[in-house]
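Just so it is clear, A, B, C and D label the chains in written order, and each chain counts residues from 1 on its own.
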């Protein structure tokens, strides 16, 4: 296990400590617990609060999306493991500003259980909670079972749009509707070339040959839809982008935001090779790129690979996706 | 060679194509050559132009630092290989706005030769050219031979500061002085855990055991100063930061900018572990962190490892390092 | 013992910890095949924490005790199974409220509330190849034993046997929840690891009555 | 041949290309030990490009020809050696300006300008374990041959021999420039790969006079 870490069992905590030391003007812990982080600025009374959370090991997901025009609080678990309902509840209480809390997170078993329990706890304290699960990974369940899909990089669109909606002081019902609409308009598919190593496990999340790749592999190493010989990036992008496009479907005349996301170990150069081909394909199909994100937005430690996400925009979503936002990990100014 | 690419010989060109397709409002080619990129916005008459360049494979270095408050043009070589003097000359001509050109780049053999030749070519066209070589890598030559050192992540400070100085409409002599002062105040040291693979070479730049790391390894795999068993991040940071601090030296009462830089394959989590320890050490030594950069700022494809750079600030440098800047790869707003 | 007190609850938890310690590696192995391999650790860690916690609590009201132990379990091991076991404690708690001793009839009620809690929380049902396929038959066995006027010891022997049978049945099922569901048909043939964990819980309980 | 024309220059370049093709792998190996291993490819590619370019140029003025070929070399292979060889062409060019044929005396002057150009560009001198340690003695040999009234062919035989001796001497030196300098004392024992490349250039030239 080739990692620059201290004790594996301290990895998640020390990472968060480093982040809070680096960005005290943006993020603070609740009750000194590294599991519970919220925006460091004053909360705005009457603004819908957005809570997210999940396992560590996916930076900037999840805590990197806490900030202005994004989420308000995050619960941080150990690597690839859900945080507890109790910790989620602490975050909910800390960010609640009288207008309710939206639980916005990726659809994974442990997280669903815990956010569910946290919602029960919130109810006892008369905090209104709604929930939107991000389910963008086309590879994780067939069409018709969209609600059984996992949440991957499409989370970023959900944070961006819902966060902007909340910043506009829309109601909980409205922010929830818009978040769900964003999820409904988002599709992602990825490819993995190498596994990653969870520090405490000390071994690779899956094994794969030196000349193989897996289309649709999950960000924790969940099985994908197709393991093949390594292909050219043009072929990979063609395959995954077509799967994405057919699934929603995205059609000629649509405007989209695109996210070309690196999983951690893949150089930025390769992400731009992917963007190059994606733009060619979308242009050919008459789909217009309104906004693009290219970089590491949702990772799996040092896993090599990348994903492409599309968000179909209408006027409402366009305005929200274009709104400014700021966190130490994700700033949008233009 | 596990990479998401097309033909290895097309790698550098296609990467730049992807970047220019993605960011046409920021970057454009000169004469349609992917080797020559300049700011896409109108040039400001009388502003000193800053030209940089070097091999591909280090994104965001070099082309990612072309933008407002940064460099004005860049010449892009093949992976880890200098671009040609002729291409540099094309960039110089394109960015020259009547106030001369500063060649600002990392000290590597091929680049020195070519920027030298480009300076000769510029002289023939009555374009005044000065040169500042970034030489921040403490591991690459002993104290006393600072001018023989390689340029690594410290490039980023040089771009940031010199770019801000040029944007203030200072003279070529002033911008050059300030760039050199920035270099003189910057020290970097890194550690590598894994090699990277140059696409056209198809094999690792060096070999290293699964349980080893190399302190001071160069970004192209140049030998470092110490190959040891893998150590904890706290120990690694202690070792490299002390070497940096002693070299300048940085002393109690100093204010610094710090850059914790990932080499490509290292997860952001580990960079924050490094920052955590670095901040502890600096605080103990009475060195104040005025500004911090944590992320991938100068990489070597998929190489795992990281570096720490310090820039000692005085009032002049502080103002310039704090100035806003914008490129698609590097934005500073606060 | 015909009633469960705080003391005997502690004894039961201690036995569960022992079983989980013995079976840790087996559970890890099982969960690795179709999941992330944490189950052995989470069950051992979670029950150890709960076992340690019970001494820290002055509480004698069994309802409040169950509630607190459940929250403890979740905060220590918030994995799927950790949270579901925690849910069992939390949902069972109201049925024990105000009591310092629990009879078989209380336990049956608590078990039924736990099963319902898991079904609600997991949006799952018997036959989905989950821990429910061990838990639900075990609670039914307890209920049948109560109706038949059996002792607590006899009831727990029957419950443990029911989990063994339940685990066996999961081998023929296809996973539709959790990570194992990603494997679709490939999950058939393997027992569900959550069901196996439930079987070990009942093995621990049963040992307290041996 | 006692004079070098555009025709014979093309012939010489063709021979250099041939030698570089033969020695490509050897140069790669040499440069890999203390450098990045590109030298075999850059020398072969660079001279091939220059060889192809000469046919594209209407130019008959040898000075302008050398200038253009030098810029071509640099634009195709802007590595250290590519740029230094390019520098040789570019710096030698003014000495050939206005001429369509070059005599040994012209070639000596061009060689001296090239050596000076490399020293200026590389901030290096003889003894630093670089290509200069082959190039400078070769130019001296040409100069000595000229003074001794020898033929162009004899001069080039002497120059080639001087590069062989020069390469030999680099084995005892320590690198202070380029990537090899990172290896400090470890560079002693190996010949300098740039010097070896220069030797192959003179081998190619020499073959044109065989």
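Just so it is clear, a contact is a pair of C-beta atoms (placed from the backbone, for glycine too) under 8 Å apart; a residue touches a chain by one contact, two chains touch by 3 or more.
The shown structure was predicted, so the numbers you read here are calculated from the model rather than taken from an experiment.
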Q: Give me the chains shared as neighbours by chain C and chain D.
A: none
Q) Going by the average position of its CA atoms, which chain sits the greatest distance from chain A? A) D
Q. Taking each chain's centre as its mean C-alpha position, how far apart are chain B and chain C in Å?
A. 57
Q.
Using mean CA coordinates as chain centres, what's the gap between chain B and chain D in Å?
A. 33
Q: Quick one: report the Å distance separating chain A from chain B, using the average Cα coordinate of each chain.
A: 30
Q) Got the chain B residues that touch at least 2 other chains? A) none
Q: If every chain is a node and every touching pair an edge, decide which shape results: line, ring, star, complete or other.
A: line
**Q.** Those chain pairs that satisfy the touch definition
**A.** A-B, A-C, B-D
Q: State the interface residues of chain A toward chain C in the complex, per the touch definition above.
A: 77, 80-87, 109-110, 113-114, 116-117, 140, 148, 201, 218, 220, 222-223
Q) In their shared complex, at which residues does chain B touch chain A? A) 2-7, 11, 14-15, 17-19, 21-22, 56-57, 59-60, 191, 193-194, 210-211, 213, 230, 232-234, 236, 264-270, 272-276, 279, 292, 294, 296, 299, 301-302, 304-306, 326, 331, 333
Q | Of all residues in chain C, those that touch chain A in their complex | A | 36-38, 71, 74-76, 78-80, 82-84, 86-87, 90, 121-122, 177-179, 181-183
